[in-house]
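Here come two complexes built around chain A, the first alongside chain B, the second alongside chain C.
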Partner chain A sequence: MTVRTEEVSSRLYGWEHPDTMREYRKKHKSFAKKDKRTTLAEAVSRGVKDGDYIAFGGMGSVRNPIAAVHEIIRQKIGDLTIGTKGSQHDWQLLAAAGNVTKAEVAYGFGDEVRGLSRPARAAAESGRLKVLSETTNAGFQWRFTAAMKGLSFYPTRSSLGTDTLHYSGSKTIIDPFTNEPVELLPACYPDVVIIHVHRADRYGNCQIDGNIAEDIELAHAGKFVIITAEEIIHDEVIQQDPALTKIPYFVVDAVVEVPYGSHPNQVPGLYSFDETHWQEWLDASLTDEDVEQYFNTYVYGTKDHYAYLEKIGGVRVLRELEKIEKKLAPYPKVARRRGK
Partner chain B sequence: MANETEKMIVAAARLLPADGAVFVGTGMPLLASVLALNTHAPDLLLVYEGGGVGGKPTGRLPIQVSESLTYENGVTVGSMDYVMSLAQAGWIQYGFLGGAQIDQYGNLNTTVIGDWEKPKVRLPGSGGGADLASLCEKTIVIIGQDRKKFVKELDFLTSPGYFTGPGEREKAGLPANTGPYRVITQLGVYGFDKETKKMTLLHLFEGHTLEEVQENSSFPIAISKDWTYVTKPTDEELTTLRSLDPDGVVIA
Partner chain C sequence: MSNLKPADYITVAMARLINDGERVFHGVASPMPAIAIQLAKKLHAKNAVYVSIAGGVDAVPTDYSSVSTADASLAEGALAPFTLADIFDLSARGALDVAFLSGAQIDGAGRLNLSAIGSFEKPKVRLPGGAGSAALLPTVKRGILWKTTHDKRALVDKLDVVTASGNTEFVVTPLAIFKKSEQDNQLKLYSLLPTAKIEDVIENTGFPIEKHQEFHEFPRVTDEEIQYLEEIDPKGVRYSEFS
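Take a look at the complex of A and B:
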């Protein structure tokens, strides 16, 4: 049985006074049209520091910056705090590789129908990974919403009376209009946010097709924002239809063209899940030795993302994943965790 | 012959209305919802946490609540903010939940077994579970039943049921007239007593007994005086269900 302690519940992570963030933005963000294109290695080394609070865009194992995750592992950046906002493969790779030591959890430790993540669970159960707080998927969304809106909190009626709320850093007050309890979710400003998008221009204006998860709010909440894009397109093309720009350039600090940057995960409309590679990872994830071997083969053993793409099968595999997403090839068997 | 999983999914599908919206997760909830869509409820609106609304996927069922199939042939596609706001504003009548532990008031644990600070087993956490359990009008829990899952006291209360009884949800500040509606296990279908808000057996799957219901629970389960057996899945239900999961990702 969990012992509820007030001391734990009052801790705040990623929170700042809105005025502190107004000053931060004045100092660090710019409206100048600067060419922010760089390499993945440079963007990661400039943006991700030991001890940072980090969050990734997309949701579950869809449209995640996996290439950037690999680069964080290659650069051995450590002691990260992760916000697992409905997060799966991206942060679980970091947990397996040992780069994260702390987590605020909405959804973690699982891959939906594929099964639970043994390496991430083992990290938490052994104490190598400390769970700082619990929240919900809507909770994380609205923590970023508060940050985007320049507020210290965002109100919701979700999760009142639960242990989830108790360990969330939220506060319950009496709503002055209804005279009933309402939950205030603390704003969350990650030190670094990495979002994978369909298209961006060199300044950082981004187009995302399909579902957006909470990426607009997340991009406005992050202190340092790295965009990895399937494709860099000309800014004149982006300007032709501003309604398609979901993330504006002025919140973005670095832009990297990373084709197939979400592999083995999906990018809606472009390519499907690589079920063969997923099965390889799920099988490897069952023992520490095989996890290490996986990283040696695909991450430490590849000097960059392009070498990784060759390692996983190159154009032949990638073109097939595009065909599946476009319904030109049948869906393959869904990869699932086998054994214990 | 339907297997246990198939029977549970068919029972869940039948609970869904012809005119309504349901918040779905992947796995059994999705199969139940798409089965309803393909049988008695062609206008049932499926809503996913990733932002997909009203999708009617082809080729295979979504394996992720945020993948493109969740809004294929759909109504709209938005954000987590949009779909969770729909739930909070009362648009979504039904929500599906699962869990590692449930108590007699339908409270759920999907966070830890053991102590939160030093968990024996770390589970996924709330995800959208506590949101759905708080904000949807009626929630349907699909869970395997044994004494370790049907517990007197949860190790962690992740998602709200009726807490400790009548009026407690309202006292906590949750939206009025919401809460657990049905619990479906391999043994039967349960509701919650109007007066006590305690779990009560409504229907038993054929081949199981009232004794098994109690033997597989650490808390006492009341038996409705009008209890019946669950009507067997029809051929149409089973054929449709199996065609939705040909590789047996969920129903094998």
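Take a look at the complex of A and C:
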């Protein structure tokens, strides 16, 4: 038998009463169509507060808002709770830098085929990072869906009989229609959501190519929504094909143009992974000293994202990543965790 | 063929477990299942339906070298977008036939642990997290698990955390294929991979080994299987799970 404690299973994180959220939206979410363009530093300082529950758009290593993560580290915003709904490098950087102290986990401590993240693991194993709950990718999807629909929970039969259900914060009741058990997942309304998209206009209408993941639900669930876009485009481009708009402006609070904002990860169709930089991070990630050195060089040592892009090799490197993504150049050697 | 490696056997073994017409899914960091699905579709399961985390129906990837299974290159040639959320719904309504999943630990009942070694609250090793496994394994018709290692740390008598449990039917390792017995719901030895002896399996497995009633010799890998394997994965990305 696995040791189970009620402390883990009975607390709610990111949950709000639907009526509280109605009030919140009335007060804080303006539907006004206004120019929301700003700098990354301003968007992050306005949107991300100490102790916030934060969630990122994208999936796996695709469309992660890494530039925004760097800015959170620069501004030393602390005690964050992360919903690790399926991406890794974004929140692992925050865990390595100490900004994140609590996590709800679906998938987060691995770097897919690159193996487990040493700094994120060390944070959890040393107690610096508390794992609040364990859920599934589906669980996050449904928790955001409940929030989007203005509900307090989402019903599913999917995880009955697993420890994951026990650690998830869900409750099991008897479904009044079937008279059988049904799992109720608590709605999740993150304090701040950051989504990196291909294109947005100045109001926050967003186009996303390829895998949309759960970004639509997330954008509607979040209390404060920051969009970082590879390109800010003219309003008329949005109007030419409104079907391409995945996130409408009225759920967005801040819009920032951030080219190569997912580096060293990828944005489908635009640029590929930077395997050279990944190898540098994986090597650095083996000791706390080298992690600190990495942050000193690339984050604290760069005043903004544009300085970071120069530091990682500038146009020469970025053009190469574009060519690899467009299959005009061969895929390089995949970076691997070396050493222990 | 004596120069075949464990990755070749595991990929071929998984391909053979897919039946024609089945709806099949794999998750992140899964080059061997991704290649196995394409192999099955070339051979005996031409009408298998492939849904992947990259978000497509019936993708025909031309390159598996990406390190992200959410990469758009794995959605190449797809007929329709299909998000991970769609896949969970498909499974929840009983329409997903096969899910390829794995675990850091797998027990004799085919349950898996992707959460923690040691206790959940104070882990000795904090594992990646169960991802979609706890939503899919209880709802998919047939779970096929695979491991790139076969030892007593991987195949255990008792899981530290039961991240996911449910409808595991097969477990494929570098040594053996296990199938769940309908009698007692325990994994039984279904086949030995050509490189393994039964003593190796007994010695390296944490749960008791019994032969499944369908136990049989692993049919040799055919020239056709090797030819298609090379055609689908010329760069040998399937070996990357072992490096």
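Assume the second predicted complex is superposed on the first by the 337 of 340 C-alpha atoms of A that agree within 3 Å, B and C clash if a C-alpha of one lies under 4 Å from a C-alpha of the other, contacts with A are read in each partner's own complex, and residues count from 1 in each chain.
We adopt the following convention: contacts are C-beta pairs under 8 Å (C-beta built on N, C-alpha and C of every residue); 3 or more make two chains touch, one makes a residue touch a chain.
This is a predicted model, so every value here is computed, not measured.
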Exercise. If chain A is used to align the two complexes, do chain B and chain C fit next to each other or clash?
Worked result: clash
For this session: Answer with first, second, both or neither: which of chain B and chain C does A:Arg157 touch in the superposed model?
Result: both
Exercise. Touch check for A:Asn179: first (chain B), second (chain C), both, or neither?
Worked result: neither
For this session: Applying the touch criterion given at the start, work out whether A:Gly269 contacts chain B, chain C, both or neither, answering first, second, both or neither.
Result: both
For this session: Considering only touches as defined above, state whether A:Ala106 meets chain B (first), chain C (second), both or neither.
Result: both
Exercise. Looking at the overlay, what does A:Gln240 touch: chain B (first), chain C (second), both, or neither?
Worked result: neither
Exercise. Which parts of chain A are touched by chain B and by chain C alike?
Worked result: 2-3, 8, 59-62, 84, 86, 105-110, 112-114, 116, 120-121, 124-125, 127, 131, 134-139, 141, 156-165, 167, 210-214, 266, 268-269, 273, 331, 334, 336
Seminar exercise, completed: Within their complex, chain A touches chain B through residues 1-3, 8, 58-63, 84, 86, 105-110, 112-114, 116, 120-121, 124-125, 127, 131, 134-139, 141-142, 145, 156-165, 167, 172, 175, 180-183, 210-217, 266, 268-269, 273, 325, 327, 330-331, 333-334, 336
Problem set entry | Sites on chain C touched by chain A in the complex | 28-29, 31, 53-55, 63, 65-72, 75, 81, 83-85, 88, 91-92, 115, 119-139, 159-166, 240-241, 243
Seminar exercise, completed: In the complex, chain A touches chain C at residues 2-3, 5, 8, 59-62, 84, 86, 105-114, 116, 120-121, 124-125, 127, 131, 134-139, 141, 156-165, 167, 210-214, 265-266, 268-269, 273, 331, 334-336
Seminar exercise, completed: The chain B residues in contact with chain A across the complex are 25-27, 49-52, 58-60, 63-68, 70-71, 77-81, 84, 87-88, 111-112, 115-131, 134-135, 153, 155-160, 163, 168-169, 171-175, 247, 249-250
